[in-house]
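Can you read through this structure? Questions will come right after.
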Amino acid sequence: MVKIDNLTLKYADKLAIRQLSLSIASGEKVAIIGPSGSGKSTLLSHLYSLLKERAAFCSQKQGLVDGLSTYHNVYMGALSRHHWTYNLINLIVPFSTPLAEVEALCHQLSLDVPMSKVLSKLSGGQRQRVALARALYQQQATFIGDEPFSALDPLMAEQLLTMVLAGHSTCIIALHDKSGALRHFDRILGLRNGELCLDVTQDALTPELIDNFYSPETLALVSNA
Amino acid sequence: MPKSISFVGHWQKVTLILWAIALVCFLFSDTEIISLDPWSELQRMIQGLMTPDFFATEYLLEALWQTISFALLGVLGGLIWGAPLALLYSNRFIAAGCAVIRSIHEIFWALIFLQIFGLSPLTGILAIALPYGATFARVFFDILLQSPQSTVETLPARTDRVSRYFYGKISHVMVPILAYIRYRFECALRSSAVLGFIGMPTLGFYLETAFRQGHYHEGAALLILFIALIGSITFWCRPRLIIIYLVLALFTLPSMHSIDASLVWRFLSQDILPPALQGVTDLSQLDLSRINELINWGKSVFFEQAIPGMLVTLLLALSALAMSHLVSVTLSAFAFKRLTGKFFSVVIRLLLLILRSIPEYIFAFIFMLLLGPSMLPAMLALALHNGALIAFLTIKQSDNVVNSSVYNGRIDGYCYDVLPKIYPNLMGLLFYRFEVILRETAIFGMLGVATLGFYIDSGFSEIRYSTALLLMACTALLNILVDMISRQLLRQNTQTALACR
Amino acid sequence: MGLFKMAALVALSSISSSVFAAVFTFTAIPDENESQLRTRFEKVAFYLEKELGVEVKYVPVKSYSAAVTAFRNNQVQLAWFGGLSGVQARRLVPGSEAIAQGNEDQFFQSYFIAHHSAQIIPSDNFPNLNGVTFTFGSKGSTSGRLMPEFFIERNLGKKAKDVFKRIGFSGDHSRTIAQVESGAYQVGALNYKVWETAVENGTVDVNKVKVIWQSPTYPDYQWTVREGVDNTFGDGFKERLTQALLDMDDPELLASFPRKSFVPADNLDYEPIENVAKAIGLID
């Protein structure tokens, strides 16, 4: 589906991705792990720019609008499906069909706040689910997520992860932790210092491999290099 | 020593530079205190304040309502032409044009429109709408620039441009924009009152007469009413009522004199021409002696009025800027509840309301009696008014500052825990305010301080419009120059909330 | 956009401009007390309406220059001008005429007043004002600015700005008193009537401020009417208007100006003022 060859990217004048080659097939569920600053976000937004037409992107920056209601923030995922006049009217008076859809979606995400509640009044965990709901509401075949569950408790995170995986044929999700969540994926990529240090399938994944990947010695080794 | 120098941060440096410049300006300014016995006049003033006479003013309710209605219609007019311009503001020519329009004080716009439309409400409304529109264009543009890019980035790929703009941009900025319009409405009330000074039928008409002629009982009553009007905006200016107010305002405007197209033409083709060119109908009449006369006229206006006027304007504005800084830092600390206690902070907030509501003109007037006719009264008046305004905007932010667990409720705790968080914003406001201070020096010209405003006022009262306009052009140039410099300074280190300025 | 709107407004209103002209409008600023302007002068308007049989309206203005502008733009057809503003107005509107002046205005005076600390002894000779601080009244005032400046230049032989240590414009005759009384300025010049009223009412402490010099007399305030009122309001209108003004004898109406009575005047009476204004450089 997507193939990267010898890619080098900069982020804020620093080298974020070094000579990375990668290919992801359609239908794959890929997890990307790595310490902060390893280049995950840069890689994901690059992948999104390649897959733009077919993918929904749940960015770490969320891009939520504080002054709008919860409903409108989620609805924004559907902007491309409607004519702009429809969108503008909906901005003033919400249409009932999308309102019902969004409400149901939020309910699935255990986001049981009034749809009219202004976003600035939501908690961090609720905001993250609004951002997730917006991405889901795009109804794309591919989901790209940049730590979309980081503000949630592990139980809820896992529950939502299974939902996301079930709803999209292809998923590329960056995760910060080495939790059990990884077992839901077909393939695990490990990024460190902008380089691909780990690329294994679920079957080949062993706890030692992960521990080794995150171990301080190798970290020090790489950062010295 | 060198070690401690490395701790002097950006804002400390900026503050020190500001103070150094202001000190030099202050030393070169005329700040002599000349006053032998102001006490008998002051006593009359205090007496007036103690026993305000609310019935001394004729047609008081009408004046009160017209103050509101001019402000409302002025802001509306400003929005109508300024808001769309915000989208084109990145164009350099539009930005420069707006800067020119902004740089001229409402009073002078009104004096120009007075020549064209006479004492018609149109004069007052346009005098507010024109500079306010230019300000809206710039501020909305700035706010739009600051709206985060991240929303647009996460929108679905094939979203059309209109939806993208409204959902991704406009919705982000609606809250600050509405807050800004509300704030500008308060400013417009002040402007509307001040336009009374030159003949618009607002509160200022009577306020200025009362103070000028020493009717302090009447003046005090008007001042109290005006402060109450501004202090109670949140109670009477409900979003739902605005439409009703607007309709009422349109219907109750004083009778509109007809506008005579020939007056517009006369103003453009005759009045604004220098004396040497008046009566010249075709180019062949332009002989050497006329050109010589023209050059002499330009020279004398430029060297005898523009240059000294600019110098005084700059000295006054820069000194006042540093003083405003002092006032705003002090007062915003005093008004911080968790530092000075609830009672004291409420008292200070009331003081802030009074200080920011009273037109500088009145302050300068009182200080002039106390301290004599130097530049000092004008400096103090500007500092108190603008300092209080900045403090008022700053405490809106400091009220929301979350203190760390080590905050001790003392001044040291304030300096560690609160001041660093609000200071960049405060300085940002201060520098934006400089433009306003520069413009407001005009008012003191009418009180006799020899700023550019003084010479412009003379030009109008001697019916020498060409001189007045040439001087206004100099004012505009000075303002644009200052604007460029302050933008350069600000660009380096602020991500301040621009919402209120 | 702003331009377009303005153009539209101008176009619209020039169509309607003929509609309003039938109201005879005048303006006046008294040299003293400016409070309750409308209440007081609407009575004058009522009187004129009765005498002339046309609708008469009063427009309040803030300054002499505003009055001149309104007169020039034909927003008022009659104005109670100061000496200087009358000259300016008649220069701008050819054919306009001074038709009446106050009884007192035939021999108006400026007083120079000084704070006691300046130690200037009252005298009939022009005092030596070199190096003192000095305030005029408003910039466009005849008795508070034009004539004092003229007498200073004539008697001291140099421009006012070279005589004084500091020059101010208080903006108003009563402010001139207040500022000299407070010592903000050592010397000031003002309308003699305002001074006399202040002394009468006790609003000035005569131990602190004294009159140090009284100027020679000159003509001041006058009624000036625009050309063409006869065409608009009927033949002989100007004559009837003049008569109505001269006949005004209700003390309440006259107190608004305040004048004892009105006497005839013409443009020639004000030639001295025009010459003085030219000499000072206030008009070209």
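Just so it is clear, A, B and C label the chains in written order, and each chain counts residues from 1 on its own.
Methods note: a residue touches a chain if its C-beta (ideal position, glycine included) is under 8 Å from a C-beta of that chain, and two chains touch if they have at least 3 such contacts.
Small disclaimer: the values here were computed from a predicted structure and weren't measured.
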Given subunit A and subunit C, the chains that contact each of them: B
Chain at maximum distance from subunit C, centres defined as averaged CA atoms: A
Pair of chains with maximal C-beta contact number: B-C
Chain occupying the most central position, where position means C-alpha average: B
Euclidean distance of C-alpha centroids - subunit A vs subunit C, Å: 79
Centre-of-Cα separation between subunit B and subunit A, whole angstrom: 48
Euclidean distance of C-alpha centroids - subunit B vs subunit C, Å: 32
Interfacial residue positions of subunit A with respect to subunit B in the complex: 45, 52-53, 56-59, 61-68, 72, 76-84, 87-88, 91, 131, 134-135, 138, 140
Parts of subunit B lying in touch with subunit A, wherever the complex brings them together: 148, 150-164, 166-168, 171-172, 174-175
Interface residues, subunit B side, partner subunit C - complex: 34-38, 40-41, 56-59, 80-81, 84-85, 114-115, 118-119, 122, 130, 133, 197-199, 201, 205-206, 208-210, 212-215, 218, 256-264, 275, 368-369, 372-373, 446-448, 457-458, 460-463
List of subunit C residues in touch with subunit B within their complex: 1-2, 5, 9-11, 13-14, 16-17, 19-20, 33-39, 59-66, 68-70, 73-75, 88, 92, 115, 117, 133, 135, 138-140, 166, 168-172, 174-175, 178-179, 181-185, 203, 205, 208, 282-284
